[in-house]
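Both complexes shown next keep chain A, but they swap its partner, so chain B is in the first and chain C is in the second.
Moving on to the complex of A and B:
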């Protein structure tokens, strides 16, 4: 079990407390690649304030670090300066630190007990990378896992290129302002989460989004297949350190997409697979594909209520559980596309829309940058 | 009374104003996600311009609610009486456990519309959907009437999967020649002509009264599938052998 200064300080460990449900998710992408500040995504998630309880809020922004877009941007929480020193000793032997600084934040009354937050732009040391016999991404993943699992009090919560996750304990609109997302950053795509923790007490690292490399997941729901999914995914070197279901969803998608090279549509058919009876009604071709995917990855079927927004370089995917036990609305206006737990989260920033619809359970909605969009 | 809501107006304040006014007519402009509007209300006509939040008209007890926009989830949750008219779509679990009153939706409805809908003595709830319905329409339906007219223009079928799962009372009318998905073994589907069914004609008349954009004659002169619990094949021994 993962425990360090950071978790111990916030009293009970993840998994020891049960608090009733809620959560809100929201996302905006400009498919033309035009960058927008975090103001709209904050306004969107703020409309759904009552879906969260102040125990977690967070954002992922894509295209926000154009000046360092070749570097892995690590965002770290530290419980103390010993953990910072230990982490930096580790980083310096594995990466060239191109630039580092304390995270810029603004003091907000409602955001308290902040950890120490640092940001590093990193480039893997070529010799070290070569000797590891890993590809570059896997090398970075291993380093992230190592810090999170082995350095007490340190937690890497963002590790992608030209993207960043910003999260903490508080209402999402306060967390957004705390990190100055409305002023300091502009990205072509944003996701947001307002947390109402169910099985976990809510600490800075446990807020959403969860990220690995440039992948990020925000999630409303509670998966009942957690242990089955975790046991399977841990066979492939992932470490589920937080006992929270969103972390395992992130690893499952990373494994299917990056390692097994499935398409997003195929990933959806694995994690939110149709019932056998529904598959039986489909055309021969669809049936063959869905049967194959269900049989190939039976342990990666995610059951229980969920609505997730998966962010990646160049796009977003919205997905519900196959029974659609959580709400989700998608909409479009020109180049902009919107995803939200509730329609009001979209209307707050885009009163007039070309199209608005609710995807069916298990039906992925994917929005990607248009061809030629420069990010 | 006219209430100009904005995004910063919390639902508790908005609903207190609606509840406390002596005016029988209330108009809410600029509504953006405020929950529980018209909850338990009777004797009023409440017009909502914008996007009302979840549980609109929950426990509604006689008032009329008109929405110019889309409704979110759990509209008319456990409503007892009154009318909700939505000029747009409604979200998931519309008419959840409704036991009286009527809900008319010009557009589509989400998953689980009419789940646990029931009737009691003189109370016979009705849900009418102009477009299509999501999966689990009429799940555990115990009474009341659900009508889906299939006038959606998105090319999707009139119902999705698992329609009528656990249905043991009431009736569902679907305006189609052929069911697009299988229904449970314990539910029976019969063919009826709209214009030959008095109950259906009267419901569609009411619907078109609220939505003159629909052609009443066209709607009724069509085949409907009428779903009811199959009393010859009741639920038995589903879980235990007794």
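Moving on to the complex of A and C:
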């Protein structure tokens, strides 16, 4: 796990202690697949400046690496060059490194103590993959876990195809400009996160979004079901090393979606299930489906306040806890759809809207690319 | 040699208040109270008193109290009066000592050393008076492969599930060890509460088949009262491998409690001690258990969950893992404090381990092996309050069994003399004159009240933690902290010490 002198001297790292935090979240998608720079998403999250406290900000962009869209794009934090060497030794024995470079950044006064940041476009070595008896995605997940757990000072914070996560310690708008998201990248979908932790040493890896392959999660809230969810999901090979809500939520969604092959709507009915009394009032068919999901996955119900934006290739899902204990607003304008903790985060970049609404607790809002959209 | 053992209690009667109505005399099945004609007053033979408080409770002028006798042996920290008396008794009788109810000794109660969390500032506590607060649980196997029909709809392929409105059930207490009226009260309360009660190993009285949807029937080593209709009448079937109060031995119902009705229900002779064998004679290993589980499932068309109940012993985690892989739907773990109608004193007081530790280890082991989903876990022995339920669920239990608490609701005062069959409260007796003292109409309401009250308290505590469904509390050990526990105890329980943050 990544660490440097500064963090070692101060408070415990993320993963050594569980840190509750409040936050701001925001997202924009162009359902026509038109790509946009990160300027709008930065403007959106910047409007909600007071919902963050400068101890973490981050973004996920989809469709940003069209030239390498068949490669897994790994973003890495290094504490020192030894960990970089160890990681690269590991990478070349497991992947073909199609391209690699230091992450392009812009020096900003307010963003300090940055780690060494590198980017790699990778293709699994076919022989290695074959011998592992894993499917390709599982192989990549294993490699990510191995680096994060075993190479001291190295941390993979993004590992999807044609998408990337950019995050660090600072206010989100500063982090966005630090990574030149407003100039260097264009994607059809963006999510953003500003963090308000109640106690953190300020570790770059602890900022959000949290990602696994092309899945990314930004989350505002503090879930009360954390340990029930964690202890359940760890049965299936996940390891919650960061002890954050976002990490466990990402694993829960990954398990339900990728492993159990549930639909997004069904995933929502597991993690933010309707109350039994509400289910009782539904039509026979709906009731049967929802009862089944609650009975089969009771330990993946997530309680306590949360608003999450789940990003994946081709779309976004917004979801609140079932009591709606955190604010979240959705809006649409033409092909563009917006999700934000507060309405101001949307109006700042799209003053005129076709529709704006607050989704009810437990009601997923899914925006996906229109059919035929080319990404 | 007829050794005199001094009375443990003293019956104190306020002569100024006593009206010599002789109610105490009529109520005491132990024959403590009598009327002295010559003096015109009531007298008491305290040597017969078991301190059940029946006379105290019914005395219309509150003239009675029972106090610990001041008659003491010479003080000795090694040889307590109880130890000495037991030796006197055994020297007299040459017999094994019998006891009733759970282990009363001063051993650690881990529930009392665990504290619960609450939300402050960073997330909101939830008010159960204003928001839904769900305590419904479904017990049964959850480890299914997702299947869909041709329209893509999910197929309900879950094995049979037991629905409980609150994570509490009445634990196994047989007809024979307790009375007909006690059973009726339990059955009716379970029905009204939407939970289940458990027949124990005494069979199911024909009058109670109508409560089948709320009944767990037990198959124990003596196979008392087990037949096809019995299995089919129930909502679930429990195979009793062990009991917390007496791990390693079978049940014991004294002949005095085997009335004609009990004999018919159990399918055993009247008036003769019913001693079920220590093992099931068709189960000498785990693979044999699997065969019995599937025999029972075959007999009931795979429509009913099968519970396997074991006593909490040293290797309970490995045992539970074996059970989880043997087709059981639910594992019930009974702690060493669990109650009993009759058990050898030495076994009750010295065998087994606390249920809190057993539960923590079983839950953790099943998770580590990735099979926690294959079974639900129910714990008992002893769960004394809603707080114990909350802590047990947070440690990893799906639901709790309560036995002693339910009997207390019916009037039991824990005099621990069930094996005599002379229960003055009409609970642990078959004497018709005593049984009729327990009015099932009142008894069932008291049970409903108790569980309803606990459910409210569970909701309050959940709400405080910001949890609005019991499912999100299950195994949520970060919500617990130990206080005054050593490193080993904390490690076994899988919780942090109070003062350590999240």
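Annotations
Quick note on the criterion: the second predicted complex is superposed on the first by the 354 of 375 C-alpha atoms of A that agree within 3 Å, B and C clash if a C-alpha of one lies under 4 Å from a C-alpha of the other, contacts with A are read in each partner's own complex, and residues count from 1 in each chain.
The definition used in the following text is that contacts are C-beta pairs under 8 Å (C-beta built on N, C-alpha and C of every residue); 3 or more make two chains touch, one makes a residue touch a chain.
Nothing here was measured: the structure is a model prediction, and the numbers come from that model.
In the superposed model, more residues of chain A are touched by C than by the other of chain B and chain C. Look at A:127: by the touch rule set out above, it reaches neither chain B nor chain C. By the touch criterion defined above, A:222 lies against chain C but remains apart from chain B after alignment on the C-alpha atoms of chain A. With both structures placed on the common chain, the touch criterion links A:345 to chain B but leaves chain C unconnected.
Looking at the shared chain after the overlay, A:107 reaches neither chain B nor chain C.
Contacts of A:361 after superposition: chain B is touched, whereas chain C is not reached.
Looking at the shared chain after the overlay, A:277 reaches both chain B and chain C.
Shared interface residues of chain A, touching chain B in one complex and chain C in the other, are 275, 277, 323.
Listed in rising order, the residues of chain C touching chain A in the complex are 119, 122-124, 126, 131-132, 134, 136-138, 142, 144, 146, 153-154, 156, 158, 161, 367, 370, 372-373, 465-469, 471-479, 501-502. Residues of chain A that touch chain C in their complex: 17-22, 198, 221-229, 231-232, 234-236, 260-262, 266, 273, 275-277, 285, 288-289, 291-299, 301-305, 322-323, 325.
Every residue of chain B that touches chain A in the complex is listed here, in rising order: 7, 11, 32-33, 35, 50-51, 53-54, 70, 72-73, 89, 91-92, 110-111, 134-136, 154, 160-161, 181-182. Contact residues on chain A toward chain B in their complex (touch as defined above): 43, 46-48, 50, 275, 277-278, 281, 323-324, 327, 329, 342-345, 347-348, 356-358, 360-361.
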